[in-house]
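Sharing a structure with you now.
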């Protein structure tokens, strides 16, 4: 009996492994095509942008010969497809080229600006999800009551307020007027240069280096922008949680749970919440990816040296390598996050196991 | 001379590792004017057989001839019009945002038929609905009324064959009776051939001349009405189904 | 508050182009390079037209005016510890020309090319460098050029060590410095922060400020709030209202440093309508000089309708034009356009250029000229003469009228394929009147300063009378706010503000 | 008398025994209306949107100044009886610009909707309906656009297309369509196997007919709802583009550009940013509330 | 056994109303019935108020509904006066409800064992371990062969028949004295239906408890239940012993019986129900 079972299972197991392998290959192909597509579009759009990369480098007053020389130096005399192929070849060797504006290798620029954005976006997501999801769920449970209305208005306000305005007001009130928060940037000048760590995320580096003063300073600096950004993300998260929860509360199994004698809290948190974990994970992921690229305005207001600023200024100076590198990075990150959340699904939802 | 002849019909879904043969080598013939029943438990492949005949399911193999015409998985409009289907769920088979009139006009538009208003009114009368119902939306009709509309939609192209997939199983007993009577009347009046799928042996016995009993994608038995009523069926599975239709049988303790 | 021994400058770094003196072309980078490196000649901020000794202890000019001999100061060391010699000077100046990047125009405009540079620039011994020019130029022009950030002296040994594929150390210089200036580069994080430390062995003595920090703050309001709170000592990119508020607040002084460039309006002369002198003239009456001077331009510019920047020989304080819609209408009617016309108008959407453009747009509308104002980056179109109306500002780096005039008032070949796209007169397709062009050339070669001044005054008048296609309205100024306790931070007209003169005290 | 009349009308509308298709449609609209009134937040949102439309329509009557007339001597004046919301850096009346700006805002919202709805639907529905490799290809393209940083995409495209409000609208539309396509695909997938669609197919209906006559009416509510909910980010993106010189071109009044341009005067002339900022906030809040409400009302799954 | 004859549930003049846009819907009107330790069937056409009645007893009607009655007594509890907390203590432990479709009525992301155990953990304050023991025993009781394995399965991993048996164990594990089963077998196949019903039948008999069996299958109610309540338009038109259903007198009941196609008495045409306004008023 047991023998026949094992022998019956072996080929099935082998098939499953093969299937898994095929799945991995397939998702890898999907990732590659997505990245390629991203690059193609970025490249084409980048070339359509009227800003002239050469002028961005040599300045408005340079003469024609200088222009021609730099034009060649930047490889712009090659046909587009050649430029693109060269770029792809370099990328394949993990060489993202040099930024025309900062003159640094794009990879090193990204290694510096990305952790700053990551730090901000992560905190913002934690704040947004930490407040938004409970708010949405309370709203759903109390649907139609004033609690619901209030929760929704509070959430939606965050979504509808122009961020740059809110940011400046916050600086004005809490920094200039009351001195409760530090001004812009990531650190006070006193603490500049004390930790120059491996990750470029000051919070992490400070912990690694045991520089607690720097850590608190950095945390104070990130608090305001992260709160504002988190507030903006909260609206989406709370709205979606509300509608997910409403949907669950309409399900038949909720009636079963009630018939068993469960109270509302147990029904909401033990039963319904478990069912929306996967959906919540998806939207938190989406919000996170959105924040990664949507921090442009808040970074400007708080002089936060992150990816958003880097990317926009690169775009304005037609700094193609920087733009391509940033977009590629964002693409890779969002794909990676999505893969990760895919894996977590399997763990959270038995139906997908 | 049979109006439907099916030989060696096999249907499978999926591909590769997930390939699943749902209908396995099924054969039967239906004479004009006959009502042929299909009965079996959920998932045994009844709807799939019907789907293949209707032209809904494309991935089948075997030989199917309808009205003397060998048909393949892809049908012409004229071929499609020869048989029409009535679905189980009267709530899902009508477009919720189309009025009844629009639902009935659409097949006429597709086939470019004339005298449209006239035909719509006629077919509504045929299924026993007042012509004023044309202006209503499905949610304003009862289940029985909707099923009548669904039948009307099937009839408006004047098909020779109606494929009925559990047409009454979502309805109350009283409404079921009305629909079953209507089907009987229509059959007489328009010389229609039916293939009726049901899981209720009583309904099958009421309407069908012959019935195929399906289990796991194969016909285990083709019985006549007489056999059903008199208990002269062969296969034990058929007997179980017959017993089930009679209600609960307390098991001996 | 900022530390007592550190200077914190708020700035906008997003357009900073690296820190290679032979490559950058932009104000923020220039100020940094000015302090990391030194040059042969120094132009002090308070008397900018007088060349003074820098790395060159002294110099002589030959009688024919073509040979300059510089005596190099001894005892100067680079940050690396290498001594600075004439070899370094030779190498650095040749590098500028050979790389041929944007700032190389500083030497190439005098006829020095990558072909002849090895001949023309030579270190004859450890302490002497000889520079020759193919033609005679006014010696000040050459000396001014040698005071520019582009002619900074680089540590040739250090760069030789860090050379890659014959790049003359270009890659190394993107993240490092190779200078002898009062400050050395410690950290530079793109669009974030730059830290420079005082150079202890600086030959003029270690500077007072132990450290200078530049912080990237793109928002004017952010800079202002930090300045007022004392978290920043100097703010460099402020909007006019913020500047006004800071001035009123009394915690900081506003420095308006005049620059040698203008806010200009270019009318494409290939356009039939715009090439009519009366039409060109009419535009001069559509600019609200006084209104702008009191609002938008209060800190960004000085009203200047003539072509020679204030403070330079030949400059005039006359401003004959003012906003006069009726006069403009009349001129248009005389030119044959009583009902006006419509044109596409390109302007860069940055403060204050865009505000100036919008103001012009509104006034032109009153005179019947419909301007379709389009923001965005249109410099490329301007350079290729593919525009109708364009406005922007220039910033010349030589404290001499020639720098402005060469671009605004010379156009030796107005043909499309001449591609003199360095000259904005050519870009506007303006046939500059022959006499003006001749006078500009003559003035550049004139070695007598008195005669030159007279000549420039004449050019100034002639340019105004020519009803030019390039209309100047305001001379550029760069405004900075400096906290009162900061002493010795003096804005420099050619972007070479020094930090070693800075001290802090109550 | 009048109450009688209204009662009769109410009864006629609420009555489900219809005598005509028109009555049936009116009934549906009326029921929607009753539900809207019963949902205070959605109704408030509806009123604000209605007001926006009204203000846009009669802007010339409401404005008390020329929205583009400059007067530099009057620059940056605080709110007063002459200039209710103060003046901007050119001395233009902020209130009048705000009123006219309603037109621009509405114009952008409508234009984006008009572009995005059909394109997003066509792509998503085609992918969902046909399945197979068509689905794979179309969804891959959608994913690529989705994984783009959206503001960057809008920026890049409007920079590429050149300044101007129409171009900005196109650029924004490029960032808005992918979620719509996904939605349309998901909805199509749920409906394509519905019995009524199968019935139509079995009667010989082609893909065009199925998509546009059967699927569209079913997808429409959720797409409309999604677009309504998107409206605030559309307006805010347009604002951001406006500030960067890519959206509405001067002197056209546009709330986003007004708010953004006023940003550099924020500390001294708070009204410049705050007034249009609040207008944007109100309108986008209203669109959000309306969209949320519509979803509660129209989507039977939320009943 | 006098205890036996005393009704477990007694409902007098209960009505349930739903306010809607077009006026108040009277889903249930003045129904009056008792349930003892017996199997009572409720039949009637769709929308006649069967489910609403069942839910109103457990006070599980939708929030919008209004329930009024002269009396609703369950054993010693006045259901009308009971607080929500009282009701929670009653639900699942003294009155249970079995729903139609195990596919939807079980929480898809909890193991079935966890869901069953939850009932006893809640009502009997059992520890995790004890609850597990009880659950396994209960699973065994409903003829599940490998309870250990099934305990850890998720609902989507069990068949319909097994799901319904799990539902039954979940609702019977706390030994309630009344069970309301709302069409417990209409999602099941004929053969499976037999098994599930016989398990339910056994448990009811064994524990001597009351059952309200809601169905629209006349044959099933007739053969399974002891007594049948026939509802029409929210009213009870007739109550009759199941065995004597064929002798029912009310025209509505008769109509239903005659509309049914039958294997034993084949008819050429089925009788169609002719509704009378008076039924709804009676």
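For clarity, chains are labelled A, B, C, D and E in written order, and residue numbers in each chain start from 1.
Just so we're on the same page, contacts are C-beta pairs under 8 Å (C-beta built on N, C-alpha and C of every residue); 3 or more make two chains touch, one makes a residue touch a chain.
These numbers were taken from a predicted model, which means no experiment stands behind them.
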Stepping chain to touching chain, what's the minimum from chain D to chain E?
1
Chain E reached from chain C - shortest hop count over touching chains
2
On a CA-centroid basis, which chain has its centre farthest from chain B's?
C
What chain pair has the highest count of contacting C-beta pairs?
A-C
Rounded to the nearest whole Å, what is the centre-to-centre distance of chain A and chain D, using the mean of the C-alpha atoms as each centre?
26
Can you work out the whole-Å distance between the CA centroids of chain B and chain C?
87
What whole-Å value do you get for the distance between chain A and chain E if each is reduced to the mean of its CA atoms?
51
Cα centre of chain B to Cα centre of chain D, whole Å, reads 46
Residues of chain C whose C-beta touches two or more other chains
219, 221, 225, 376-377
What parts of chain A, by residue number, touch at least two of the other chains?
50-51, 168, 172, 316
Would you mind giving me the full set of chain pairs in touch?
A-C, A-D, A-E, B-D, B-E, C-D, D-E
Inside the complex, what are the residues of chain E that reach chain A?
58, 60, 88-93, 96-97, 99, 101, 104-110, 118-119, 122-123, 154, 156-157, 167, 170-171
Could you pull out which chain C residues touch chain D in their complex?
219-221, 224-225, 239, 241-242, 244-245, 288, 291-292, 294-296, 348-349, 351, 354-355, 357-359, 361-363, 365, 372-377
What does chain A use to touch chain D in their complex?
30, 33-34, 37-38, 41-42, 45-46, 48-51, 149, 152-153, 156-157, 159-162, 164-165, 168, 172, 235, 239, 243, 246-247, 250, 289-290, 292-294, 296-297, 311-312, 315-316, 323, 327, 330-331, 334-335
Residues of chain E touching chain B in the complex:
45-46, 189-191, 193-194, 197-198, 201-202, 216-220, 222-224, 255-256, 259-264, 266-267, 269-273
Give every residue of chain A touching chain E within the complex, in rising order.
251-253, 255-263, 266, 270-271, 274-275, 277, 348-351
